[in-house]
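Okay, so here's the structure we're looking at.
We call the chains A, B, C and D, going by the order they appear; numbering starts again at 1 in every chain.
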Amino acid sequence: MIKVGIVGATGYVGQELIRILTNHNKVKIEFITSSSYEGEEYNNIYLNYNNIFNHICEEENINELIKKVDLLFMALPHGMAHEKIHEKILNKVKVIDLGADFRFDNIGTYEEYYKVHHENKKLNEEAVYGLCEVYKDKIKKSSLVGNPGCYTTCSILSLAPLVKNKLIDFNHIIIDAKSGISGMGRGLNLEAHYTQSNESIEAYKIFNHRHTPEIEEKLSEIGENKVNVTFTPHLIPMNRGILTTSYCKLTKDVDYDHIKKLYLDYYKDSPFIRILNENISPSTKWVKGSNYVDMNFFVKDGRLIVISALDNLVKGAAGQAVQNMNLIFNLDETTGLKMVPIFTA
Amino acid sequence: MIKVGIVGATGYVGQELIRILTNHNKVKIEFITSSSYEGEEYNNIYLNYNNIFNHICEEENINELIKKVDLLFMALPHGMAHEKIHEKILNKVKVIDLGADFRFDNIGTYEEYYKVHHENKKLNEEAVYGLCEVYKDKIKKSSLVGNPGCYTTCSILSLAPLVKNKLIDFNHIIIDAKSGISGMGRGLNLEAHYTQSNESIEAYKIFNHRHTPEIEEKLSEIGENKVNVTFTPHLIPMNRGILTTSYCKLTKDVDYDHIKKLYLDYYKDSPFIRILNENISPSTKWVKGSNYVDMNFFVKDGRLIVISALDNLVKGAAGQAVQNMNLIFNLDETTGLKMVPIFTA
Amino acid sequence: MIKVGIVGATGYVGQELIRILTNHNKVKIEFITSSSYEGEEYNNIYLNYNNIFNHICEEENINELIKKVDLLFMALPHGMAHEKIHEKILNKVKVIDLGADFRFDNIGTYEEYYKVHHENKKLNEEAVYGLCEVYKDKIKKSSLVGNPGCYTTCSILSLAPLVKNKLIDFNHIIIDAKSGISGMGRGLNLEAHYTQSNESIEAYKIFNHRHTPEIEEKLSEIGENKVNVTFTPHLIPMNRGILTTSYCKLTKDVDYDHIKKLYLDYYKDSPFIRILNENISPSTKWVKGSNYVDMNFFVKDGRLIVISALDNLVKGAAGQAVQNMNLIFNLDETTGLKMVPIFTA
Amino acid sequence: MIKVGIVGATGYVGQELIRILTNHNKVKIEFITSSSYEGEEYNNIYLNYNNIFNHICEEENINELIKKVDLLFMALPHGMAHEKIHEKILNKVKVIDLGADFRFDNIGTYEEYYKVHHENKKLNEEAVYGLCEVYKDKIKKSSLVGNPGCYTTCSILSLAPLVKNKLIDFNHIIIDAKSGISGMGRGLNLEAHYTQSNESIEAYKIFNHRHTPEIEEKLSEIGENKVNVTFTPHLIPMNRGILTTSYCKLTKDVDYDHIKKLYLDYYKDSPFIRILNENISPSTKWVKGSNYVDMNFFVKDGRLIVISALDNLVKGAAGQAVQNMNLIFNLDETTGLKMVPIFTA
């Protein structure tokens, strides 16, 4: 059994992580921490855990707590993990950070976009970007994983085979992204107030969302050349799900079958990538609650549209973190992640 | 491995049954039938099953098909199963019918409310009502189970300990029930049209819903005296979930703790019943996707309110059917049903 | 032109009041105040008012501001108006208070339920309860109106003809009420967070909601005898609308037509009450955005169910306040309130 | 008073038209027709009209009915009006067609995309495209108006000032459009079934939606050069509203203020166009129930994003039809259209 601890267990990502881990037959959750709910039983905060998981939220004493575990999941708000994780911790346990602090190769970009001075640049260099389908081999050998966010996972997976094969113009990429409200987390704010977000749609952080540089950095690496993306996130009145509609210019005259073959090849060892039948448009309802990413392509006159759908709390957060854990501990990648998408929910 | 077949696999209940059974490690689905989708792959109808379950919908040739299985799930619209199930089938396989045809002891009530002439009255006498928490022993020995509906499960479980103990006035029971739209099924009609049901609420079939006589028959049996209920269902703009608010008159002067003790005792062998802490109101969001029923009580001046919540497609249909199967085949009742409620979804 | 001012204009009720008043051809809004948004343009807070209403939120200097107006709408949280309204103000202007402070005859009940020491008991005695269909004559002569809340309006209007005619048992009244989330207002809290309230339903404040004593006091007055009600509010995942399902025991053997006649008679001068055709169940979707209350009755074996639907922000708050204003200023009651319910919205 | 008739009054567009016209003080509705509901009272189909509008749906005998009116609104499914409208009708009354039959200059494009043989090509040449902000002068003199659809209105208004001024590359325009479900109408189909469309998002008719050629034809005309657009519609789980996110390449190095000035100038006589303050993102919630279009721009490195929001049933259908009627009859363009957007609904 892999013994794990979760720091920041009462956010939405922490909660989803516990949902998945309590059904993972190779894992035992040894402790959870929460600064807001210290001393409280978890199933009094999230009542779905009644009769299932009644751990008490502990004080966040990481140096002590790690003695009990093999792996630490950090599910804190951005800008908090980089101060808490240091070399000594990594000598003792593996760390998967679900925040942004260890996602960037270029630490300056991180500091600029997150308005944070990163305290652990050396450690950041050791960190591996936890996008399993792209960096699997590195992840397997890693001690510190920066788990990607929901928008980035959906965006990069949509485009990686294309930039890898230089099949699209790297300067004409538009990603129009749509996210359910749970992507904003559990914190209270007017945008996530029911009566303000229900029955409406709007874009936000146009041209300046933090996920843009993360997408650009990774795609540039995969494509071995600078990639520029226009990334526009929208809030959709639903709980879960991300859909990205990516617009590209083809650099070669290829058809649907050619592109599909390319993706099937690139993702041949990726059990969570599902390429749909021709002409079928992905929909978030078919992936809800699961770790799958559904994808398809539409080609016309040198233009290519890639549409992808995933569950932002699973493949976009907690599910991918568990997938990373599986890789690190040499388990089958899908262990504990075989949930059938729940329909209609 | 228990080999099962599903007749009527493309309705919402059939679909949920497959979700649960594909994660049940003692079950193998041998065939599925669908009159509307004969010859089609299941994962082209419900795309959540891509890479998971790609059976082809077969012709509904029951007599042939049962040769392959130990158990038949009938997930047909009401009024169809009673003609298809006969003695010879039951000699070969167990049957769990998820429709209404084998739910009533009083076949006349069934015929009156469903406007159907029942073709198999003799078989109906052998049938056991599949409300696991109440009829467990009978179910274990049964070959034909009439699986209860969503409203009835929630209503009867709410009140069984009270009528059993004659703690309430049998003539003053009001059940105000609220259901998500999936309870109406996959068939197209104006009431289930998005723009007609979204952002609105209404009651329907007031004083004449088919679940009323089913609730009354079973509660009368449990209470060994005629029970009358006023049952009012309402449609709520959400996909899943049922909440019942039951209003009773206490016949004795008892307090919360007394009632709670009564329920804990009555349900002491019922792993899916969760009695919440005092003052906590059950909510459908905490049971979604799971087989749990959350309950609580509120007492004041001789009045008692019982509130219960369940997932209409799981404990109110497919989950309970699997629970019945587990009982029939002497498996642990919770096998394949340990799904953590999914939040927020 | 009636000159009006709105104190507390940036809450949801204030906002709806402005929507109605800007289309009321006998009214001019002279000022609005907001303690949270002092100095800001209204249409920067509520962008629907762009090009329509760009008043600046003023400091709440009531004594000065009333010099400009004939009528003051108080749209403050409960427990604030009773300190601000005094005799001198009423000598100068009419006041319609949309909070709870002047709704109760029995000030002790108010103080108990709202945990507030009422500073203006003498004024409270002069106040008239602004339920237009019941207290029309008193309202016309009044200077201070306590405008009823949404649940109370729907509940009392549902039952007034029955208690007036002593047609139901005053000790067996159950009101099962369902409300959209806007009833909770604009303040941030976990219950109104999108991902906590969407796709779920729950009851709250069972046996102790503040509207219970308000309903009981008014119905007792109308029925000239103590009326007890069991009132259970539920939160429904939709923006607007209230539906009440009221359960009564008839004291006489009467049929649908008898009851309908009674209501038509009681409400013969009430243009906003719509009694539906027999067997049609009221739905909030048919009253949205309007001042109507839709009602119907269902009778069986001495039991009576009354179902009513209204828009909580209109007839349950701002619309009724304008109706009260019309009555006070001797305008036709429907002036500015002829909005057709908006469907589908 | 302008006397009008509505052919096809029981669809969602017809219903909204009646909502607007019953509050329009220069209009009298003389008749309505419906092939599905002939002989039925309108307020039994749409219960919001109780006490407001109880016309009986008449048989669609156009030649007779036009004797009573000055203007005919045709609110039929696409492909039906072109056969019904002929020269003699236009000699007698004005016609505003809310379907697609008279929207195209190039009748071949219409026939290709709608799979219909147009019976009235000569009449089509006289028809004017009813996009009020662009073709106002022509509309004023017209007898036959082809009222634009929701997507096209939002898309063309977003881009007209840019193509007019040749400020963007005509071959690199991407319109990512999001629509509420009411855009699919009242007809039953699986895509508009509550439990299939709620809590999910998907794109549809990628590269081949019928509105693409309509947008291209009109923008090409405005820009006096062939314009190509990539148009991708998405279904959003909400009742009403359209948001378009348009991606353009600037041909000149201009900033936000320059573009804003251009729009303010182009739309200086257009009371329903609202350009928001810099950095504010349009949202459908601020235009619901109204005839407004909210717009804003975002500029970076030669890339321009235009975001626009409107109510698909008002400015995208019935409201614009009334605006066209106002223009034809020389009324102030805003008559009957001053509804304040309803928030929160």
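In the analysis below, a residue touches a chain if its C-beta (ideal position, glycine included) is under 8 Å from a C-beta of that chain, and two chains touch if they have at least 3 such contacts.
Keep in mind it's a predicted model, so treat the numbers as computed, not measured.
Each of A-D and C-D has its own count of C-beta contacts, and the greater count is at A-D.
Against reference pair B-C, the listed pairs B-D, A-B or A-D yield one interface repeat, A-D (criterion: more than half of contact pairs the same by residue number). The centroid of the Cα atoms in subunit A and the matching centroid in subunit C are 46 Å apart. Between the CA-based centres of subunit A and subunit D the separation comes to 39 Å, rounded to the whole angstrom. As a whole-number value, the distance joining the C-alpha centres of subunit C and subunit D reads 36 Å.
Shown for subunit A are the residues in touch with two or more other chains, namely 12, 182, 195, 198-199, 237-240, 283, 285, 288, 344-345. Put simply, subunit B touches subunit A in their complex at residues 12, 15, 18-19, 22-23, 44, 46-53, 182, 199, 239-240, 271, 274, 276-277, 280, 283, 285-290, 292, 294, 338-345. Residues 172, 174, 176, 178, 180, 195-196, 198-204, 206-207, 230, 232, 234, 236-241, 243, 245, 247, 281-285, 288, 298, 300, 303, 305, 307, 309, 344-345 of subunit A touch subunit D in their complex. Those residues of subunit B whose C-beta lies close enough to touch subunit D in the complex are 12, 181-182, 186, 188-190, 192-195, 197-199, 237-239, 345.
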